[in-house]
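Below are two complexes that have chain A in common, paired first with chain B and then with chain C.
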Partner chain A sequence: MKKMKLILIGMAFLSFISLNSISAQTGKEIAFKVYNRPTAKDGESDMKMTLINKKGGKRVRNIHQFYKDYGSVEKKILFFKSPADVKNTSFMNWSYDDANKDDDQWLYLPALKKVKRISSSSKDNEFMGSDFTYADMEKRHPDEDVHKLLKSENMGGENCWVVEATPKDQDDMYAKKIAWISKSKLLPMKMDYYDEDGELLKTLTINKIEKIGKYWVIADETMHNVQKNHKTVILISNMKVDQGLNDSKFTQRAMKKGL
Partner chain B sequence: MKAIKIFMALLFVSQMTFAQDDESKLEINGYGRTYLGVLANEPQNYSIFQNTVNMEFKKQNDKIGFYANPYVYQYPKGDLQFGLREMYIDLFSDKLDVRIGKQQIIWGQADGVFITDIVSPKDLTEFLLRDFSEIRIGVTAANLNYYFNDENSLQLVWIPAFQSTIFPEEGSIWKPKMQFPLPVIEQDFTKESIPLKLENSEFFAKYSLNAASIDLSLMGGYTWDDDPAMHINKIIDPATMHPKGIKLTPEHHRLSLAGMSFSTSVMDFVLRGEGAYYFDKHFNTQDPSATDALIEKDYINYVIGLDKTIGDWRLSGQFIQQVIMDYDDLIMQDQYQNLATFLLSKSLFREKVRLEWFTYYGFNNEDALSRIRVFYMPYDALSFELGTNIFIGDKGMFGQYNNNDMIYTRVKYNF
Partner chain C sequence: MKKITEFILKHSILIGVITLIITVAALYSIKQNVYIETDLDKYMPEDHPAFVYSDKAEEMFDIRDAIMIAIENDKGIYNYSTLKKIKSLTKDLQKLDEIEDKDDVLSLYTADNIIANDEGLEIERFYKKVPKSKEKLNKLRDNVRTNEMIYKRLVSEDETASVIMAKIKDNSFSDSLYNEINLLAEKYSGDGDRIYVAGQPVVEGMMGSLMPKDMQKMFPLVMLLILIVLFITLRSIKGTIITILVVLISSIWTFGLMLFLGYPIYAITTLIPVMLIAIGVADGIHLYNHIMLEHHDNPDLSKKDLIRDMIKQMWLPVMMTSVTTAIGFLSLLTSEVYPIKYFAVFTGLGVMIAMVMSLVFIPAMINIFGLSKIKSKKSGEQEFFKKHSNWFTDIVINHRKIWVTLTIIILIVFGFGISKVWINSSFLARFPSSNPIVETDKFVNDKFSGTTTINVILEGDKKDKFKDPEVLRMMDKVASDIDDKYKEVGGSLSVNDFIKRMNKVLNEDRQDMYKIPDDKNLIAQYFLLYEMSGGSDNLWEVVDENFQTANLRFQLKTDNSKTLNSMIKSVEKYKPAFEKIGVKLNFAGGGYKLLVFSDLILEGQIRSLFLSFIIVIILLSLMFKSIKTGLIGVIPITITTVISFGVLGLFNIPLETTTALISSIAIGIGIDYAVHFIDRYKKNALLTGDKYTTVVKTMEHSGRAIAFNAVVVILGFLVLLFSEFKPNVALGAIVSLNMLTSFIGTITIMLIVMYSANLYFKKNE
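Let's look at the complex of A and B:
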């Protein structure tokens, strides 16, 4: 009996330490955990982007994408497969860890038959007319926001931290974001984006998460602009990771050659 | 019909070549387009009335590629104009890409002007109003690209048969107005074509550096001037022994050039430019001692441009200058020819609508061409375009077409 008591006391103590450590997690620590979670060094996948207007009308864009993380720079190349008027167009983006350095971007238009360096799109612009901005689709450094852990709750079948992120830059297009972060997968299950007036602007819902190789990745997500009642669904398929993609994949030669 | 038969035969051969153990599929794409333009001035004739089918056939694997781009233009009187814009075979290897066949080879960084973009000649049947993919003429060439590494490459081009600029036919509203001191009473076109001989080949070379910080190219060419020099000879009236007119003999001459181009990001801008030094271009002169009223001079042609994206707006400006070296006041062209272009473009309603305003402005003659276009894309791959071409001035490259202001519409479906 005495032994049993000791075990129970021990378990209670361990639980206390454990609970204490969870409650001691700050929003900033969670944001860094998400930022630093293991990700593939390179990968490729098909991306199907469906734009749905408030009447239910759909427009579909199909893209094949490659990316490679070089540490200080991440290179990405997109090949457009449909619709027909943009087929064989390719877009290459090199984004840098240095927040002061703008992305380098190139566009290959098959009708013009030349690769053109283009001025970096404003990150607040819509990506291909979708509900995602360029910034929404990029990794954001935690130091750009002030993070606050609001609570823990279940979302999408996952036990989540709910973290509020308020940008330090007053000119940021969002007043704040609230993210439901899966504690086990370190991926957002849902995100609410608030506009400059503090009104809910968009909601990102993660519909499906898959484990590819060693990594959890988002395979199906919906961004809903609640103010315009417009949605964008992104489906990722045929994903391959850590293939050791050749550096020559991320060149103007590759852009011209196509898939 | 002959062109179609040849093309179908080539397509069949290509299919056979790939057929062995190749999983790559033949991709068939293209567009259909209806194009109707009306002149703004009385009697408001149609400036263009054209239906187009443009097909693209592509088959490619890691080692071999095949591409063909046949097209047909149909005009109201029922006449059909077939053509093969490109048809080439690619051979790919680790370091070397070889493209052989009829192809458009595009160089340079400029938009809407041609400085170092001198490999593919131009079809100016409708001045500069066609899409640039239709203005550039494919040349039959052997085109080698050797990649030293991912950043450095060397391109060598051999064009065995010269192709000149295609000018509008006699009677076309786009026929350039040429001014001579005496009336043209005779024209001799016998010297205009270049014989098909090995020694009449054209050669081009380009070294390129494509790095994160800059895209830089150095190029050179031993070519023919795409535009013929006008050899002018006076015709003497035997009765008065005074000149009664001139005989015009267009003739192409060799032209060599060395140039460079670059583009780089500066702050939020893209700064780009290109320039070339041309050797021994033939210019018309009023010097009575000159043979055929021509004089050879070197000249420089360059452009500098800035691009910027602000929100949904895309802005671009270019300044272009041509300078004749060792200038002689009797040359019938200004020593400095200055030109500027401006582009303003914006997408609206999730890229369903695009507005575009592009203007050329010539400083020497204070003339301009202003193109305002609205694109409406209600469904993917379908676009309606409404546009105007407004010519300003009374002389110069654009002012000469002052009576050709037009409004047009194009409906295009890509598949």
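Let's look at the complex of A and C:
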């Protein structure tokens, strides 16, 4: 279970274009294709997260983030650069491939000089008051959903498959999701999330895709909760991948030490 | 005037036809344009600083009154069935069209539970799947008991009840929504669970629909009784019908014109027909009284000559009374409340229409349909009245000192009462105690922190002000001081409750850490932790996202204005202390606006009352060409007003917006009585030259008409005492009381003053 893919590398999925992909596909095949593509081993970037409420009021957080993929576990650490009163606060997340194992999460509060564990009992919780839930940022195993290829159409300048994913778990917070997946880049260009009553809850729009090294990366995306009319915009910049980051970067000691 | 009279006599049928056409047109206009404004906000002056501020704050913190739905189970709510009902009811409510966001429904099912685990913070729902096992139910109960933000707020202290709070879209409360919620309540009651629906939107909405409904039920009864009493006094079917027609037609014209010009019907303007009936019948009664007395005294005079005499003798007093009454009402234009301005203008207009109708339509109708025959028996009645007049005149004239002393005592006693008058904007107080809303509201108030909310808005001079421990502690002090001082304050909610809760759970759940920490950055980091942990948007109802402005929310168990005002005054005492630390203190919310609004109405009412006194004195002085007469003419108004307000103060009956306005009726009625009486007195004085005869004759003529008028309207309006709706009971009582005091005041103390002042008898004595 790899978490927070989206926020970390902006769903930086390796583009691999095979000739097979042009021929007829099932929804399930497409889902596995997206899931199984190689990704960067590690990376770091600046992240600017802007929360926009329904009155248009904005709150901006500037963060520097590191992540590393260990195979069975993916670790990441976020350092707050602003606002000032939370400067040097850091957040660490270990996400396990084992679906039965919950994430480990910690927050270091410099004012308390203590690392606090955050319960990850609910993946339906919103991440940092944003419109993304933890689950939204996970790389979700295709077997958890039933996939159905609806059609092909253009979205955001890309030729896309439109795939509907319906969770097998009745208690999932979404009744279904519909994704527009770029055929050439294997990245979603747009996603619609439907709530448990089957009403449209959120729309994810990809505004900009960049190529970093050999990976296609989402550099600008907006999640719009249409029921609350609340938006979250995430901008990724200064991204570096495959630098061989040291394991000591992803410890509670590192959290306290700061950038 | 002569020309007009001849025109009326010549074209009586034409006048009838034109009146009919205009009335039909007015009815059509009413039908086409009818629009009843029930939105209370529309009554308030939008540009008033208090309202401007409140609206801004309401927007900022999403302040809206909530419908409260309580579920009660004597065996306690911690059982599978009741908890399942809370969950289902919450979901059903979330699906209503009037609910915008799912977040707008707060219940034990949707609320956040901020707790500590071994190493950190955890924010989760109390339950998602309804707990079934004893163990899980006990855990839920423990979670609630140890959460200061939930226990006693969403779950009652005795754990037998839980409340769901549903914030509906602005002004979306309707009868159908109320029915829908009641259907839900019905669906979920049973198996030992009882459901109670309460809250300010319900109370307001119920009142909005109950008052017109009650009026619709009671008004025909009022009219019927007036019709009967009018017939008994006038002894003429024709006279009765025509007099009532005048009042009805002027009401219809007024409403037709008002709606045609695009003014909606406000609760206040529905009082216009009430006013016109109470005031308007006077003209008809005086005209009929005159023509019938003349007819009786001079049976040989022709119908047309009788009409000529009636108009000649009566047009001046009818016009004087109407113009003064109308202008008296125009003094209400000084009010800041727009519906009151409309009320003033259109009541004044209605009075003028009633005047024209009385002077044109009544003679025309008498001309067409003739007068009722004088019955021989009637003379006995006349004599009886004459005897009464003599006897009464003696009582008044021979015991002047007693009457004057009595009046002075009454003025002093009731004047003292005025000083104790207070206005109550409480809606709940207006319902009969048998109404289910009274019971449910009481239940919710008994079990939880209260159905009335007062928002104290604290505005910092810079960002992150409400992360500053000094500022937060000040706010905490206000919250606890006010909570301790008033037993009606059931609790408060502010950003402090979040901070203290987090400080406690992050410090090993130590009760002594349930306080505001000293470090500003720590507080900031708590909130980051809160958000990281998936804390809900409820936080933004008590502080803005920049932490510059905070909302300290008090829950009260009553909406009584006295308590609310006292509490607000207590909070205002902290203003200077807050200003010292760069924080401005203000209030917001529906309850507060209503309070300000009531004060505005009362203030405006008192101001306009004084103004109308001055206007009336000037007008009467001009009309009678004597300042002395002008001053004497306001005696009945003065007495009526003093008693009207004094009674409220003495018996601790709070004034309400509508009853405050209806007091204006004192002026309309008082003037009518005084002018007719003085005018007749003057005519008789010039005619007889003898003071005693003048008094007796005036009693026989005007005194009789005034008595008729008073009896008709008093009996008619007394019907309202049987109304279910308290403001309508008050309305009936006030109108009746005003009629009675104006009547007695005119024929006793005003007469005595006229008599003693030798009005119109300067040279004779």
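A few remarks follow.
Quick note on the criterion: the second predicted complex is superposed on the first by the 234 of 259 C-alpha atoms of A that agree within 3 Å, B and C clash if a C-alpha of one lies under 4 Å from a C-alpha of the other, contacts with A are read in each partner's own complex, and residues count from 1 in each chain.
Throughout what follows, a contact is a pair of C-beta atoms (placed from the backbone, for glycine too) under 8 Å apart; a residue touches a chain by one contact, two chains touch by 3 or more.
Just so we're clear, the structure is a prediction, and the values are computed from it rather than from any experiment.
Superposition of the two structures on chain A shows chain C clashing with chain B.
In the superposed pair of complexes, A:125 makes contact with chain B and with chain C alike. Once the two complexes are laid over each other on the shared chain, residue contacts for A:37 go to neither chain B nor chain C. In the superposition on chain A, A:117 makes contact with both chain B and chain C.
In the superposition on chain A, A:89 makes contact with chain C only, not with chain B.
By the touch criterion defined above, A:258 lies against chain B but remains apart from chain C after alignment on the C-alpha atoms of chain A.
Of the two partner chains, neither chain B nor chain C is touched by A:208. Contacts of A:107 after superposition on the shared chain: chain C is touched, whereas chain B is not. Of the two partner chains placed around the shared chain by superposition, chain B is the only one that A:247 touches, whereas chain C remains out of contact.
Once the two complexes are laid over each other on the shared chain, residue contacts for A:55 go to chain C alone; chain B is not touched. In the superposition on chain A, the residues of chain A touched by chain B in one structure and by chain C in the other are 51, 59, 83, 85, 111-112, 116-119, 121-122, 125-126, 128-129. Interface of chain A with chain B (complex): residues 51, 59-60, 73, 82-85, 87, 94, 102, 104, 111-122, 124-126, 128-130, 230, 247-248, 250-253, 257-258. For chain C in complex with chain A, the residues that touch the partner chain are 59-60, 95, 101-103, 117-124, 128-129, 464, 467, 506, 519-522, 524-526, 528-529, 531-535, 537, 540, 544-546. The touching residues of chain A, counted against chain C in their complex, run 51, 53, 55, 57, 59, 80, 83, 85-86, 89, 91, 106-107, 109-112, 116-119, 121-122, 125-129, 171, 197, 227-228.
Considering their complex, residues 29, 31, 60, 92, 97, 104, 106-109, 131-133, 145, 147, 150-151, 153, 210, 212, 215, 263-265, 268-270, 272, 307-312, 314, 347, 350-352, 377, 379-381, 383, 414-415 of chain B touch chain A.
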